[in-house]
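The next part holds the structures, each set out as structure tokens.
In what follows, chain A forms one complex with chain B and a second complex with chain C.
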Partner chain A sequence: MSLSRKERTALILKNQAIVVAMFAVFLVFALLSPQFSTRDNVILIFRQVATIAVMGCGMSFVIIGGNFDLSVGSLLSLCCVMCISLHDTLGPIPAILITVVVGIASGMVCGFLVGYLRLNSMIVTLGMMNVLQALTLMFTGGSSVTLMNQKVWFTQIGKGSIAGIPYVTIIMIVCIALYAILLNKTVFGHHVLAVGSNDEACRYSGINDKKVVLQTFVLSGVSTAVGAIMLCSRGGAAQNTMGQGYEFDVITGVILGGANLNGGSGSILKTLVGVMIIGILKNGFVIIGLPYYLQWLAQCLIILLAVWISIKSARKKALA
Partner chain B sequence: MSNTNEFVLEMKNINKTFPGVKALNGACLDLRYGEVLALCGENGAGKSTLMKCLSGVYQPDADSGEILYQGKAVHYNSPIEAKKDGIVLIFQELSLVMDLSVAENIYLGSLPMKHGRVDWKKLNSDTQVVLDKLGCPASPKDTISSLPIAQQQMIEIARGIALGAKVLILDEPTSSLTEREKNYLFDIIRKLQSEGVGIVYISHKMDEIFEISDRVLVFRDGQPTGKFNTKEIVLDDIVQAMIGRTLDGYFHKCQAEPGEEVLRVEGLSLRGVYKDISFNVRRREVVGFYGLVGAGRSEIMETIFGVRKPDAGTIYMNGQKSNIRNSVDAVRNKIGFVTENRKEQGLVLDKSCRENIALAKLPWLQKHGFVDEKVTYDIYNEYHDKMRISSPSSEQEIVYLSGGNQQKVVIGKWLTLAPDLLILDEPTRGIDVGSKSEIHKLIAELAESGMAVIVISSEMPEIMGVSNRIYTIAQGLITDEFAGDEITEENLIKAITITESAKRA
Partner chain C sequence: MTMKKLKAFLGKNTVVPILVIILLLAAVFVPGFLTPRNLLNVLNQNAVKGIMAIGMTFVIINGYFDMSICTLISLTAALSCGLQSSIGLVPAILVSIAVGLAVGAINGFLVAKAGINAFVVTLALMLGCRALSYMYSGEQSILATNDLFTDFGMGSIGGLSYISILFIVMVLIAFYVLRFTPHGRNTYAVGGNAGSAFNAGINCVKTTFINFVICGFTGALGGVLFAAQSGAASPPLGWPDMHMLVIAGVVLGGTKLTGGFGNIWYTCGGIIILGVVSNMMNLLNVQTYVSTLVTGVIMIGVLYLDKVLTERKKKAALANL
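Take a look at the complex of A and B:
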């Protein structure tokens, strides 16, 4: 069926609605405050979203695979405090490596429970959230941790930039490219998309659906570890509740990006756009001087709107 | 009945347009009191759409003629309205609440109340009356999920009866019933018929249509193309009206000489499911498994495919002891499995035809670690032509295809792997006559080309039509084996029922 130009424009607009929304949100804040659209502030927004965006990449895989990972906020806290305290005791490279291993391990535990034992992912990761919080407190004993020397190269990961572009933004872009290729071009990515739609049909088609689910959680764990390294290096310090609320930001970003809540479809690039909207809101609310709790309210309304739109279009499809 | 010749229902010149498709184009239907009218047509011919227009699921186009129910023009906005008026539509998928009791389901939405609370006594006794009327053995207090599918269907019908149905529409009611359950359903249909209920019976199964119906109405492309009195016609009349051509030879059998053994199963047992199963399948041979639903047929095949683990027994694939632990191993061992539940286990419904057909082969389509998407298009095009899959494009979501085309995609998915052994579990369930015959032909061709093929079916004509050799299964046991001239209706029925009665004795 060939479409008229008008229909085609409408279709593109519909498919790219979230990109349009991002620019609209940006425009609103730019009109409200002259400081908002300055070069420095835009770079700041990019710096601020890096962690959420990288975590969002991992979360996209989990959600597209048909599950949820609520444990990422707590894992972020644990990874941050571990990375900072191990930096001074073992050195930067071992600290980074161990942080990544912790992320993988946490993902494997969740992935095993959800994939192989077929436990509900909400409950598993909700439990894991508490376990990780407890581990964080055990590790720090309740106090925050700070690097002895704030001038070490490690802090440059979060603070530094090259030609005006923050390192974290470069890391973010590389991660997004890698994850997008992983999702769209590899057998694993195709399997995640298929398992998220119908795991049973995959099992009957010679796909190890349990392993696929486990791998999505491992990806989420690794992404969170990378996000933690970027986050804690920026401040050179970490504390127990550092990651609190991040799971909400990350999941909101992925859902805004149009990933299907029941699994089966989604896009890494759109996740980035979704995360950017969250970042713009967070930053914009501060700049125009609104209290931060209003931002929570706005975020909640936005996620409800996104979910409502996605369910409405799914229903329309079911009736067709 | 005194008013047998009066129409309980008349639909005149009904049109229904969906975006881009004219689903109904001047469709007409009339139904007398106490009559069974069979509605035939290939998938997409408009049968279900017409029934949905009647019951208020869809609204007919504005330029449509009228619908007369008991002589009065009616128009329903929802199936609930239609049901209250006595027009009851029963779909293939039942709409019962699985965790509630039989009584609660039958009177759902109109539970008898006393002092603001449910009057359980009245509810259960009312229900018992309805159940007795249908001769249904279930108790009002039974939970729906504890009943066999056939009885669940009875409950669905009972619900219509309790509402005083005058018109009962059954859409493919026997697709998940065994032969015995089917007869039971037919008894009920006849009983309702004698009470003056008009029944519209939608089915692909010709033998059933000849057994139960008084008249046949055939649809093609949204229009009635044939209207017959069942007694005066033969199968070919219906088929011709349905597809506009005659089918040459309804069944195709593999004619080749069987080759070496591909699969050998010895003493396979799974507690409570099947016991001491031994059989073999050779190249260039179609082996049928015939038995009632629930006899353990599918479970045996799932074990061979690695989805279930047996308690005992050995499976040999190409002479080697197989160590298949999961479906990944099965695929590596060149076993393909077309499952019974196409939508749940066979297809990823919201993905395209192309993605579905390439699903099992993906690991072999890698180039430098990436999936070579171009090859998936080639695969789709190859099987699209070879299997005559009718789909507007490779990117069409599979959920929108007809049952027959969906099934071709599932079979195509396995053919991409060139399996040594292909297992087909109820390969033509819910599929129109045209595709059915194509799939039968394909099965024979695959065997002739050197594949070993296993077919499971509850349909006697099908299993007799396609198989070179048949194992009969009853209650988890292989009861007999037939080949060549021994394959007769009588032998098969005996073999699946004798053990049952012997066991009971």
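Take a look at the complex of A and C:
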């Protein structure tokens, strides 16, 4: 069946509605404020979204696998304070490695409880959220931590750039490319998609669904650790409540990216677009001088609109 | 025979043995726990959370959950404190409740009628309510000016606070509605299997809608009572995990997140478990983070225990066949 050019354009527009929405939001802010579309500000947006974008990729795997991970916000706090305080005692490389190991460990605990013991992921990760928050406070004793010397190369991860492109953006793009390949081109990715849509069928066809679920949580933990390294190196400091509420930004990004919350479908690149929308809103409201809390209202409306449209089009498809 | 009955009862109501174990641990190891004053204290401290959990129970038995009450409470607390000086106490409270009902109605409409995932809808409304709360309060705490309001929040009769009495009354009403009214039975049916409930002629959309409105109502009431208790409303009240504590209370009691199973007594048990744990930690004089840690571990532990007990029951049922 060949489509006319007009129909094809309409189809692409419908499938890529969220990309169109991103450009629309960008355009609105660009028209409202001349400072918004400057090169510096666009680079700033990319810097700001790097952490959420990388965490969003990990979360995409968890959600595509049919679960939720609410513990990422607290894990982000823990990783940040660990990375900063170990940097001065053990040196930068061990600090980064230990941070990643902490991320993996937290992911494994969640993954074991959800995958192997089959407990509800929402309550388990909620429990983990409490546990990780407590560990963060225990580790720091309640005070915030700062690097002794703000000029060490570690801070360059967050602050530095090469040929105008920030390192964090490069890390983000590399991570997204890796995750996209992992989801679309590898056996593991296909298993995640399969387990998300029907884990019972997977079990009968010989896929180890428990292990797949565990692996998705580990991926989420690792990406949170990477996000934490980027976040804390930018400021050279970390507080106990740094990651509070991040889980909602991350999940919102994934939802805007069109991942099915019951599992089974989703795309890493679209998650990036969803996260970019949040980043643009966050930055834009500040640039045009409106109170920052209006971004939540905008997020609320955009989420509802995006999901409403996708459901409408899905129903039309089902009827046709 | 009675032993068997008892076993069946305990297998079905997993919250009872868990609660008994925790109470025994508290009574043995925590000095000062088993005084009437302290036990009343536990109830008084958790009454507001309990009231919010009542509405949440309806929604969870219906097979959904509501995250929007997280910031709805900060919005209604701000409204009830801010409006009482200009339009009077009762209208202020009525406006707050009306806002809660409206949020519940939007939730219910989008979930039941439009068929959008409850997680998405209530997350979006959570962000929306947060924005409105900050907008209304201008990022400032608002003090309650009416003495009657704060007197109600802090007053008590014989150690039992007014709010606890309200909680108990509401639990009894909720029990009646869930057990003895068509709406309550429809809720179980829709939560258990929406398809067959629909085929049996139950109006699923209406049932779900009403349950979300109930949850909005109790959420709004919770916000007002929080404000009455503390005499002020601050914008970050409830953020980021109040809804989670409430959902955890309901689920710890044994109500299933998949819907169709549970009752209001489970919810009371779950809320009391969380309350007793935090009370124990306070009496033992440990750091707050230890309390958070233990709460987290207990949440996971109780969930696991519940799983084990229900699976054993399932196996026993299969063996009897």
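Following the convention adopted for this analysis, the second predicted complex is superposed on the first by the 304 of 320 C-alpha atoms of A that agree within 3 Å, B and C clash if a C-alpha of one lies under 4 Å from a C-alpha of the other, contacts with A are read in each partner's own complex, and residues count from 1 in each chain.
Methods note: contacts are C-beta pairs under 8 Å (C-beta built on N, C-alpha and C of every residue); 3 or more make two chains touch, one makes a residue touch a chain.
Please read these numbers as outputs of a predicted model, since none were measured by experiment.
Q: Scan A:38 for contacts with chain B and chain C and give back first, second, both or neither.
A: Neither chain B nor chain C is touched by A:38.
Q: So, A:15: does it touch chain B (first), chain C (second), both, or neither?
A: In the superposed model, A:15 contacts neither chain B nor chain C.
Q: If you stack the two complexes on chain A, which partner ends up touching A:144: first (chain B), second (chain C), both, or neither?
A: Touch partners of A:144: none, neither chain B nor chain C.
Q: Please indicate which partner A:156 is in contact with in the superposed arrangement: first for chain B, second for chain C, both, or neither.
A: Neither: A:156 stays clear of chain B and chain C.
Q: For A:205, decide between first (touching chain B), second (touching chain C), both and neither.
A: The first partner, chain B, only.
Q: Any idea whether chain B or chain C touches more of chain A?
A: It is C that touches the greater number of chain A residues.
Q: Check the residue A:119 against both partner chains and state whether it touches chain B (first), chain C (second), both, or neither.
A: A:119 sits against chain C, while chain B stays out of touch.
Q: Give one of first, second, both or neither to describe whether A:300 is in contact with chain B, with chain C, with both, or with none.
A: second
Q: In their shared complex, at which residues does chain C touch chain A?
A: Residues 110, 114-117, 119-121, 123-128, 130-132, 134-135, 139, 239-241, 244, 247-248, 251, 257, 287-290, 292-293, 295-300, 303-304, 307.
Q: Mind pulling up the chain A residues that touch chain C in the complex?
A: It is residues 68, 70, 73, 113, 117-120, 122-124, 126-131, 133-135, 137-138, 244-245, 247-248, 251-252, 255, 261-262, 291, 293-297, 299-301, 303-304, 307-308, 311 of chain A that touch chain C.
Q: Across the complex, what residues on chain B touch chain A?
A: These residues of chain B touch chain A: 20, 305, 307, 326-328, 330-332, 337, 339, 344-351, 355, 359-360, 362-363, 365-366, 369-371, 400, 413.
Q: Under the definition above, what is the set of chain A residues touching chain B in their complex?
A: Against chain B, the touching part of chain A is residues 1, 181, 185-187, 189-191, 193-194, 197-198, 200-208, 264-265, 320.
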